[in-house]
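Paired with chain B in one complex and with chain C in the other, chain A is shared by the two complexes that follow.
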Partner chain A sequence: MSSIDQYISLYEHNRETIDSHAPHALNRIRPDALSALKRFGRFPGKRDEGYTKLSLEDMFAPDFGVNITRVPFAVDVALSFRCDVPNVSTLLGVVVNDSFRPTATLLKNCPEGVTVESLASLAESDPDFVEAYLGKLSNNRDAAAALNTLLMQDGVVVRVKSGVKLDKAIQIVNIFNASADLMGVRRVLVVLEADASARLLFCDHSQSGDFKYLSSQVTEIFLHRGASLDFCDIEESTEQTSRIAQLFVSQEEGSNLTVNGTSLTVGTTRNEYHVDITGEHCDTELAVMAIADNNQIIDNSARINHLASRSHSNQLFKYLLDDHSQGAFEGLIYVAPDAVHTEAYQSDRNLLASTDARMHTAPQLEIYCDDVKCSHGAATGQLDQNALFYMQTRGVPRAEARMMLMQAFMADVIDRVAIDGLRDRLRHLVERRLSGEHAVCGDCAASCHN
Partner chain B sequence: MSQDKDITNKRPADTDDVIRDVTGSEYKYGFVSDIDSDIIERGLNEDVVRLISKKKGEPEWLLDFRLKAFRYWETLKMPTWAHLDIPPIDYQAISYYAAPKKKESPKSLDEVDPQLLDTFNRLGIPLEEQKALSGMAVDAVMDSVSVKTTHREKLAELGIIFCSFSEAVKDYPDLVRKYLGKVVSYRDNFFAALNSAVFSDGSFVYIPKGVRCPMELSTYFRINASGTGQFERTLIVADDDSYVSYLEGCTAPMRDENQLHAAIVEIIVEERAEVKYSTVQNWYAGDKDGKGGVYNFVTKRGLCRGDFSKISWTQVETGSAITWKYPGCILAGEGSVGEFYSVAVTNNFQQADTGTKMIHIGKNSRSTIVSKGISAGHSQNSYRGLVSVAPDASGVRNYTQCDSLLLSSTCGAHTFPYIDVKNDTAIVEHEATTSKISEDQLFYCNQRGIPTEEAVALIVNGYAKEVMNKLPMEFAVEAQKLLSITLEGSVG
Partner chain C sequence: MEDILLKVDNLHAGIEGKEILKGINLTVRPGEVHAIMGPNGSGKSTLSGVLAGDPKFTVTDGSADFHGVDLLALSPEDRSHEGLFLSFQYPVEIPGVSMVNFMRAAVNAKRKYFNEPPLSAGDFLKLMRQKREIVELDNKLASRSVNEGFSGGEKKRNEIFQMAVLEPRLSILDETDSGLDIDALRIVAGGVNRLKTERNATIVITHYQRLLDYIKPDFVHILYKGRIVYSGGPELALELEEKGYDWIKQQVDNQ
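Coming up: the complex of A and B.
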């Protein structure tokens, strides 16, 4: 029996409860998700292409509770507010498991033309908008996405109206809070209308203590003509946390997308990036870094589909793996037959810092058009012994030299982060992470990690 | 805007013509030899496997091996993971054994069917004794049966065994039994299981300790009879401190139907020994509409068992309607070396999914992979490779480079590398680029008075040179010619 069956039966037995706690715009697409799930029959496992290091079948197998009756969790939002990045003034919202709670600053400072709201409430007040976008990109294309659609009840919507350029970054703090083994099903919808621009920062934190927590998040991003989005995603959870975060993006003509992914403390995490470039002159940057130790598993999968001509994409993935940790990277550049003058690059660099760390890399190109420039590179190795020696001859202690080299290794990912204050913050977090300290965010009192 | 698009998308007219000429090439090996063949009924079942074994007068243990393989094959489904569009194959519609008819095994060339000799002469194989001085020992395999091996006596003086597989089974059963299936098990994959069940012949090479084979050993494969598949098996064993360079070439007649070729090559290399295996694969690729052609599903693997042993694969893949082939190296010995140099050219409706596997198990083992793909017409050309480093393999070094050149807007070039590192001291690098022939380079050549056609030839030759240089000289010439035929009009 596949672990998918427990979720199908959960839905079939509690269909009314689930639907009664969610708006119609969310309920109407569940039947399709259900039939998709039945069609898939199981979650992909290690024998499936693209899931070599991480079996979703195992990930979803434990008997997680799902909060379908929407019992509220007591989280002190004021405490979480400390997660705010110092020196960066952001519009902050907090999502506990899946329910969105805006902060006073967000409500007060949110400019005209910008909506940062709970998915459930927007689906009540503006169902047409939600129906026009929700599920259109994830489209039940795999079992994990279909499951999210089947069980989602709330999440966040960010909408920036045409021509609005948002100065302040929007920060959404996701808090995984549980008093039993729990699966959080979160849905994020980001719509940037023509010529709009925004910066979004997502941080995942965990307050689930020793309980197992599985976070299922599907993010759908629509970038209309000329829109520009910087999307930052930082995961700082616990080793009991499993996370599957799927990002689906559709880019129209002339739009720009920068995605920064950072995995600092995780249990088992799988991040998927699916980008469809449907218009000409788009620019797509993916810069992702992962630092893992103990028995952590980080699996990143990226697929950039160049469906239109004259667009540019660049992917950079960096892993630093210590102890028994495992890393996996599956990247694909797809160039459609008519996508001439595409420029697409992909690079994966990995450092193995211990004899037991494992790295699996599959950088792939699938090209159906001749007039393109595409390249990919992958390298797995260790710190340059010559550089270490050089620094030691100049009086830098070995440990410090190692630290400097590791920081330098991560620097080019951090340098691509568009939010100024966040860059310094990340440098600091990485430094602390590398020095072995748990990367508790500075003066945070939210006790995420206790 | 739309006008601007038109201009930038347009190629210079003459480049277009040159590229279009690519599809105009013809297969010059496409003749059929009128040779009486001994073909068994089409279809595959246990009786057929027993019949093949009986026809070859095989010992019991080999029949058991075949039957085990056949029973395992029956439990398998044809793999679908490759980036290939393979029409369903009816394995019951193929005859699994076709041998040129002969009454007694020929004692000298005079007794060999003149038609057969003519076939090999047309292929340019120096089979005849007077050509033997050209310095190459040849084992010619037609429809999976070895017809003549030259230079055997001279090799025997050095203790080198070079004979057909069935002779080896009779004359050196202990050696064959010791090494058969040790690198490619019959459980390895669908086609390996099929081959293990029905293989009809092939070549066997044994190089004793300390011997450096004085000449290139060469096998020519040809499918001749219609409605048959070719299932040959090559086994090469290089004992301590030995060296051998082995060449393999293949052709087939032009036929409307698709023919199946599922071969196995096994190489075992002991301490400090070296095997260089070169292939020029030129099976019939089908006509320009994609009709006919050989399905080439081959399992090739070498085991560097001894310390400081070395295997070097060089392949020039120009033929076959569909190629499914991953020559690999298991680098088990300390300091062992694996090399893979490949040029794969696809044209018209050809499909190729080819690459290599480098399995690093030994400490300080090294591997180099250089793969050059050239796609034209409506073809699909994929590189698929695995570099794996075992937990105890410290000091491993790998460098992979795979480049793709696209010559038409309707073809595809794909790269699917897999890199699995389980040791922190390994350094594994992979680089790949995909591009079309640079307009700047063409323009530069034109500017200096080189016509576009020659310029394309120059650039493609230069592009493939790194691999061509690795081929033994006799083959390099042929490979160059093949490149020019496959990409006629733009190369050579």
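Coming up: the complex of A and C.
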């Protein structure tokens, strides 16, 4: 008996209810998802390759509720929420559990050619657009992706029309707020048409910390010719929150993508990055950092497929693990037979701050043509004892020296964050995180950590 | 009672069970410059490491009194606050920690130790500017990571710069001349001499007489096999330069 069965039976018993609360463009792809799920039969567990530290079977096992009847949440959650990033003026939208709500400023200030809208409502007003993209990249390729498609009822769509360059960053805040254990099925669709550019910031939070939350997130990103996207994602929820977040990207010729992932506080999380580079002269940057302590588990997996020649990708993953926390990294660079002159680099650096922390890392290269430049590497170590002593001899107390070294370790990842103003914020959040304080956002009235 | 800054008495210490220092006795008074010389492997760097509190080493016997404080009972940071400074033979590179943040942390930790409020940003920058001049340290280095990508000369000048900022009562310069060209040596030695007062003292650890042309010692000690086997005035350094260490080794080994 797999934990997948409870979701299959949930769907089969409530098919009409689920469909009646979602538009056709979403419902039409559920049957395929259902048969894919039945085919998979179970979620991957620790014995499966690529899941050494984290079992999705266990993650999905608890009997989470799913809000299939779309019971509306308290609107004031969205209204009360202000996640200010100083010096960054954003167009803010909020996803409470799994329902999208724009803010008044977003509705007022969203420029011509830019759509930031609920997936459910856009699927009613422009079904052709949604059908053209939704599910095309996630494609039920594994059980987690298929489950998300089977149960999704809403989500966020970001569409930037051809040639439009959006100055302001779009910020989407994901909040859990429920009075019972809950699984939030979250879906994001991002389409940047030719030569469009945008910056997207996602922040994950949890409220009502007594309850267990599971976030199932699938994000599909289409970058058309010459488009440019900066994508930042900050996980700052609670140790009672688990998440599986899958990012699927398709890049056409000449497009640029930077992804910055930051896991600060979460119970168990798995972040997957799947990038298909389908055109020449693309640029792809992944800079991901993870900070974990207690019994947290952070599992990141990246696959960059170089399917066309003359593109460039670079990945940097850094983990800082304390107490009994565990980290995992599986990274693959795939270079297809015709993808000559590919440049692809990957680096994983990990710091174990305690003797009980564990890191599993598997950097991989698969190259099927000559004339490429590729490298990959991983290193796991401890704080530099010589540096600690050196700092102490100058009078810096050991605890402070440790903290300075840990912050320094993350400096180069933060330097790669593409959104101005966010770098300082991240430095601050990391400092707060390392000093053991919960990083409560400045003017936030939401009290996520109460 | 006469004024004694450091009194090391019968100090024994080692690493991983191997004894390296086998009974060091050394007395340093304010205003004095002591040179400790000796062949490779005699324990010179171990002595400086033990006095600074390097956790690599274990003290097995003896004591070190630092102006009335039991030095060996203190953490490395508290030894620093009490006025001990070690200039490293190989200053450590710390990528990602800027010189400015490092020095601010150091200065304010010391002020906290003496129940003083942190320095204001303005006062701190002024202090940095003043002290930089002593060793002609480039302002650009301040924004860089600690010692990262510094040349050998810049690293040693950076050590003396930190010494100038922290105003120690006793400075131990461990092989400060190693890796220095003659110009850098002059600047570093000039910095040390400018920082010399009636109140503070310096222990210079070196292989060669060369550094002692610039930093004039009052006493010269020869360390061999973990003991100070010979002490004398500045002329002893010249004698060593001329005759090497062999005569000392023979004398000690034949005893």
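We take it that the second predicted complex is superposed on the first by the 442 of 450 C-alpha atoms of A that agree within 3 Å, B and C clash if a C-alpha of one lies under 4 Å from a C-alpha of the other, contacts with A are read in each partner's own complex, and residues count from 1 in each chain.
Everything that follows uses one rule, which is that contacts are C-beta pairs under 8 Å (C-beta built on N, C-alpha and C of every residue); 3 or more make two chains touch, one makes a residue touch a chain.
In this text the structure is predicted, and so the values were computed from the model without any measurement.
Superposition model on chain A: chain B and chain C are shown accommodated side by side without a clash. Once chain A of one complex is fitted onto chain A of the other, the partner contacts of A:150 are absent, as it touches neither chain B nor chain C. Of the two partner chains, chain C is the only one that A:390 touches; chain B does not reach it. When both complexes are overlaid on chain A, the residue A:188 reaches neither chain B nor chain C. For the three-chain arrangement built by superposition, the Cα-centre angle with chain A at its corner and chain B and chain C at its ends equals 70°, in steps of 10. Using the contact criterion defined above for the overlaid structures, shared-chain residue A:96 touches neither chain B nor chain C, since it reaches no partner. Touch criterion not met for A:114: it reaches neither chain B nor chain C.
When the shared chain is aligned, chain B comes close enough to touch A:368, but chain C does not.
When the two structures are aligned on their common chain, the gap between the nearest CA atoms of chain B and chain C comes to 13 Å. Touched by chain B in one complex and by chain C in the other is not one residue of chain A. Residues 8-9, 81, 83, 391, 404, 406-436 of chain B touch chain A in their complex. For chain A in complex with chain B, the residues that touch the partner chain are 49, 337, 340-341, 350, 352-382. Within the complex formed with chain C, the chain A residues making contact are 384-387, 389-398, 400-401, 404-405, 407-412.
On the side of chain C, the complex with chain A involves touching residues 52-55, 75-77, 79-81, 85-86, 88, 91-97, 101-103, 105-107, 109-110, 113, 145, 162, 166.
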